[in-house]
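In structure tokens below, several structures.
Okay, so subunit A shows up in both of these, paired with subunit B first and subunit C after.
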Partner chain A sequence: MLVALAVGLSPLPFTVATVAAQTPAAAETEQKKSDAEISSFFLDNGLQVVVIPDHRSPVVTHMLWYKVGSADEAPGKSGIAHFFEHLMFKGTKNHAPGEFSRRVSEIGGQENAFTSNDYTAYFQQVSPDALETMMSYEADRMHNLILTDDVIGPERNVILEERGSRVESEPGALLGEEMDATLYQNHPYRIPVIGWMHEIEKLNREDAIDFYQRYYAPNNAVLIVAGDVDAENVKRLGEATYGKVPRGPELPPRVRPTEPEQNTRRTVSMPDPRVSVPSVRKAWVVPSYTTAEPGEAEALDLLSEILGGGPRSRAYEALVVKEGIASGVGAYYQSDALDATAFQVYASPRGAATIDDVEKAMDAEIARIVADGVTPDELEQAKKRYVRSLIFARDSQSGMARIYGSTLTTGGTIKDIEEWPDRIEAVTTEQVQDVARRYLDQSRSVTGYLLPAEGERS
Partner chain B sequence: MKAIFASVIGFGLAFLPAVAPAQAAVDIQQVTSDKGITAWLVEDYTVPIISIRFAFEGGSTQDPVGKEGLAQLMSGLFDEGAGDLGRTEFQEELDQSGAEMSFDAGPDAFYGSMRMLAEDRAEAFRLLELAVNQPRFDAEPLARIRAQMVAGIQARANDPETEASIAWANAIYGDHPYARQDEGTPETLATITRDDLRELHRDLFARDNLVVSVVGAIDAQTLKAELDRVFGSLPEAPDVGDVQRVEPKLDQQISLPFEIPQATLRLAYPGIERDDPQFFAAYLMNHILGGGTFSSRLFDEVREKRGLAYGIGSSLVNRDYSSALMIGTSTRADRAEETLGVIRDVIKRMAEEGPTEQELRDAKDYVVGAYAINNLDTSSAIARTLVQLQIEDLGIDYIDRRGDLIEAVTLEDVKAVAKRLLSAEPAIMIVGPTVSFDKG
Partner chain C sequence: MLVALAVGLSPLPFTVATVAAQTPAAAETEQKKSDAEISSFFLDNGLQVVVIPDHRSPVVTHMLWYKVGSADEAPGKSGIAHFFEHLMFKGTKNHAPGEFSRRVSEIGGQENAFTSNDYTAYFQQVSPDALETMMSYEADRMHNLILTDDVIGPERNVILEERGSRVESEPGALLGEEMDATLYQNHPYRIPVIGWMHEIEKLNREDAIDFYQRYYAPNNAVLIVAGDVDAENVKRLGEATYGKVPRGPELPPRVRPTEPEQNTRRTVSMPDPRVSVPSVRKAWVVPSYTTAEPGEAEALDLLSEILGGGPRSRAYEALVVKEGIASGVGAYYQSDALDATAFQVYASPRGAATIDDVEKAMDAEIARIVADGVTPDELEQAKKRYVRSLIFARDSQSGMARIYGSTLTTGGTIKDIEEWPDRIEAVTTEQVQDVARRYLDQSRSVTGYLLPAEGERS
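Let's turn to the complex of A and B:
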């Protein structure tokens, strides 16, 4: 189900998933203003720098985020943002291909990168004395990358294999792509981050150079440094490294094609011989934190928690525990997006129950919230779980860096993060009922069925 | 902001789990309670949370024949009612206390973890005490969790990777418990009763096979009382059956035909025991060969130079009763044979020549420096690492000693161990459109 949306590489037990996957997926925001030492400033060339001190261990997380993702790609060039992420590991004018990675490895550091619809980020975790070196390499590849056909060709093959592993080998991932392509009728979130196979195959050196020159510049990036450092030091090192990179062209606002009014109920069915237990998902286009009216996104967050956020949620209690018709069920709101985003529910039948049974039962739970709302008690408990997760989030340096990076590259501000707990606290039961009524409308939903091979639908 | 990472895709190398650790700035105290429960404690008040992790040695290898999946099924039931609290009451109180509890069964040990807010410590430990000592295994949760496991098994049933994993385990481990799937089968799960669960709980949950570690905002004195509360009433001795050592069966070729676009390759070579004097030489050799960085030999030859695969890696698999060196990748079906050839060439060269002085230097720097980042970066990670060190009996000063153990490895040591492990004819499995095996 949701696994299909998440990161995950090789199914082999001894090649565990990427670092990105290992970071707690449900990380949360940050501490209250009163004890925040988090600081933010800009370099003269426009690079925003955020420093998140954490002195518990001699480790620093250095994470550079670019405000560009797959939804910014030109038509016909799907996958270029992600392809480019790979190319950033090649050589520059000053450093041979692989040298940066070797350097990170030599000092016992970790590194990786990831691409989403709205951002692309690169990170290293190293000891604090290596921070300046990391900054100098990262600043270097922001501006001095050498892109030749010799590096593009094999790396494109790697990406095609990556698509093979992540998508073609996973029926759930294939269905996810088709659902997105159906859910978004006009917005580029309909295009997979990794790109369509036939378009990836055609990506070339010119595409890569265009992309680099347009988007990779300090004034289109946010640097997050978390760990055993202080702001003054980061500022000094930042000026000595990133500060030397010239400002790039001023980019126009990120205005993407918007969704038309949706008026249909759509269905996507995918039978696949590799599927033996069916499952159903349903998705709607809803506002993100960036596009929502005040309070709406917070209400959607709490709605997803109450409806399907875990073993105490309504859907789990009803479908899995009481009726015993589902083996798994849940709800999911992808709240951090620059543009309107998705709210999803999903379920899988158990025992003699059919996929229709679980779909009907899930619909009934939604209808019940639309009709009767949620109880003050449920809402309080959901809020408490959210706010508590902020304290747990502070335990993870890279988790904190990701919260700041993803917020700042999807239209949010540091103030938004700081005020988030208060805004969650302020949500009323009426607001939760209201977003359920307004957005979870069956007449403009997309339902996806993952089914055993043709003829076996039960 | 809850689900922020969902549609993110990573650059992609698989970082392999580190087998062994080194240098770090954690100050570990050994705490022994009045009732004799010992724990390793790292006190840290920076964030007001406490993480506890513990393990009872003896995991799914203890599942009786015909009741495979028992340990895993049991692991799903500890937060489903305990003492006089039914499922709903237990989960309500757990939620109210702000704590997160989880249990999981590995082949060799049964693990439990809890993460709590320091201010709600007493309430959280009370619930842990109930779960550890008086799990209820009520009929409804038993049926539900079993059904979820069965659904999971069925959902994976037609997946080539699953069939591959089963075939691989059977081929490598024969009729040893390591060949079994930890989650059992729908048939074996169906036979499991509440009495089976009670029996396994009684046999495994004892003080003599328990290790505990705690990290966070708690002092030794307070911890002692909590240790006694949670574990002090458990029986002294466990009742676990003997498990035989097993050598992985090498020198065999397994071909699983599937019409799929990518072929999966797996290779198994001899491994090395954790207490073997050459362990660190092997560990460094594996790192150079295919360990978790973007600069290993396999990564360079297979991915960087030829673009044959997205991920490739090797790792030392160390279980209590078996060890192996495993390599795995997925590649274009029409180039699977070529990929296998490249892998075998890389192995052959490593076996014959070993690494260079420079490669060894870099590997040492990496595995010394990476320890803290890989193993000690959050409270939960530290607790997990400290439990593993206790299971492996490496000593409370191991983290301090590890750097020296690694530095002491010579190039000759690594060459010798490369020859020792990689000269063997491996087990090889190819899953995908049929390809021929070249014994090269």
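Let's turn to the complex of A and C:
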């Protein structure tokens, strides 16, 4: 079963960050071509359809995004969004369990699914002549799933095992969960996407049916079709398949509890015998593209690039190359979120260096940006690197589909995606310094320490 | 306006703890007398009535407890339980705003109200001949409140000012809030009883009406009448007043999200220019009387007494008397909670001692109990001190009323209160050592540091 789980920030690997492919962006040259061709329309039942033509090869990427993620779960029901992603691979009134997946496989296609805090998505990559079949299956499971205890029980065990292997047996993942639970004092981003073990254990058929009826409906979804197709054809096929699914309930706006003002500096320490190399990460609550004042999210994206976005970044240059005290460093900004989100930096010591050494050195790099800002030249370089990496993301069909899907399910618009490169270009050195000063405040940070069992930090 | 707010654990003063008056208990001699006299019955509309005769003086304590507190609030609506406590002092269909309070005052009575995580209570202390009047007013405001925007708006401002003076301008209270938000990763005890400022600001008439209709009803309340009364008379008056209030909706069981397994050691630091004397507190999630295995909560009560329950306690003897490094120490176990609750220790350094010194000394006292247990003699002394302090609590009418009210609204029974002294007597030294070992685990603790502005802890 090709079911993937995007577990949000938590189990961020301690390696040099690469730019997240799903960040909305487009290179200027690419953009001109796209402007004319990308189309968006709604079916009568409320389903938004976005068509992204790409005729370079006879492939189509079919991605259905639901505007629901773990942060939409009811209190005490953590994990139901991800649980439901699994259940979508079970049988429907029209198709046996596993039939859809077998079909994808038989025609040489690929499929996957993922759940985040804010969205749940399903996709297949197939030859264009199979698009209608994919749409038909995907539309079918939007409202014809068979949800009996016989289906729910065994799948719950699968998920408990998944949590066991991905979280319980991974000290870094456990630390990440408790950092999130500490960082967010009020917002549901506090809760792991996969769910707390003791709550997954109690998820039942009634929870699944409630969730399905509430959130799985055309008027709560966005269909992205990228590839060797044209909009007219997609529209016709969409009406013949998804168009037959009845509209679901009108949902209220996705308003979650927001963070209070934070006034403290917090630490989360996890000593564990399975840890051989210690590491430190530090996180702050910062605005997302959806919640930010104009220019702030773009400046945070560039700050993350300048501070820790790869081997040209300040932290890498200082800690890895010059001082030689770290084996890896990085920065990460989870920009595509419906609500205020996280900015993280992380590092692992090397040789005789301690975890304190790398933390202090990382703090010093942040303090230097807060005090002196960044140079026009490094900002220019960061913009170039950033936009270039996004061209690569856009160069793949699934990359494009992810950019559009994640943006449209986290409060953004197609216009936001189109204007994004210009907004990145417009960021000034003052703005980068300003967001560093405003948001990377040590007295409101959460620092996580992953430690070998004996190495309790004093 | 005599409106009090019980803000739970958060703003625990950094002084030597006294035993909480509301812990259910009774001395044996007292008990025999009470067994025969305390009566409990239900009115037809579901109101539980408990009558505690006490004929020593011509006074009656009339306390109405609702089984709703801040932990029952909907996500994003923090503060509504406490807000509603304020609104209960406004006008009803039958009485002008403030009339009830004026009446209490005119007859020389006293009144107050308080909100906790688990309950909200209103009480008056008056002469017995005024009991019927009190019951009549209290029953009236259970279902006749006038909730207009004219009432809500100004009272919201009062509460925002209350939060400003009690929390925002008190570094210790702010630290306590963020410790709770860190200690509880999933349970709503994470959220302050008074509410987050930004959520209080948005509470409106609709929220108030929803809350009132859902929770303020006879079948969600317990009436405690203690004093110079007899049960027959109280029953007759109860039927004539409360008996006329219609039954409210049948509420589901009060099941809140519970804590996941905690795997980390956390710290919360708050440097603030208003702090002159630093202090440290450490907290753990432990079972309450309602959630504990038999004997565990009693052992935790005695552990808190032995470790930090006043000048005879181990921590006081060691840190204050012998080493002279602390100006105050204590331990506190919030035993009467519907769900898993907190055990806290706290200390302030004195003279040349640092906050690290007192933390280490406090940790050492805990480690000593974990390693070597407590002596039969000190356990005996602790039981005596503990039970004696509860006799004092029971000796006051309002103390008795609070014991019964808080127990009955947090999942306990009258039988629990009656059997409580025997259960305390039955605790063994092994049990005390066992709960210390099981629950006061440093690797799952949250430590809070209240620091002068310049004194960031390294």
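We adopt the following convention: the second predicted complex is superposed on the first by the 416 of 458 C-alpha atoms of A that agree within 3 Å, B and C clash if a C-alpha of one lies under 4 Å from a C-alpha of the other, contacts with A are read in each partner's own complex, and residues count from 1 in each chain.
Assume contacts are C-beta pairs under 8 Å (C-beta built on N, C-alpha and C of every residue); 3 or more make two chains touch, one makes a residue touch a chain.
Here the structure is a predicted model, which means the values were calculated and not measured.
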Which superposed partner A:V268 touches (first subunit B, second subunit C, both, neither): second
Contacts of A:P311 with subunit B and subunit C, given as first, second, both or neither: first
First, second, both or neither for A:F114, with subunit B first and subunit C second: first
Contacts of A:L319 with subunit B and subunit C, given as first, second, both or neither: neither
Residue contacts with subunit A in the superposition, subunit B compared against subunit C: B
Touched partner set for A:S406, first subunit B, second subunit C, both or neither: first
Contacts of A:V358 with subunit B and subunit C, given as first, second, both or neither: neither
Subunit A residues contacted in one complex by subunit B, in the other by subunit C: none
Touch list for subunit B against partner subunit A, complex: 1-17, 24-26, 44, 46-49, 79, 87, 91-92, 95, 98, 100, 115, 117, 140, 143-144, 147-148, 150-152, 154-161, 165, 260-262, 264, 266, 293-295, 300, 303-315, 317, 326, 328-332, 362, 365-374, 376-380
Subunit C residues touching subunit A - in the complex, by the definition given at the top: 75-76, 78, 174-175, 177-178, 181-182, 185-186, 188, 190-191, 196-199, 255-258, 260-271, 443, 456
Subunit B partner contacts - residues on subunit A that touch it in the complex: 2, 5-7, 9-23, 25-29, 54-59, 82, 85-86, 89, 98, 101-102, 104-117, 125-127, 153-162, 164-166, 168-169, 193-194, 273-277, 279, 289, 301, 304-305, 311-312, 320-321, 324, 327-328, 332-336, 348, 350-351, 381, 384-386, 388-389, 391-392, 394-398, 402-403, 406-407, 420, 452
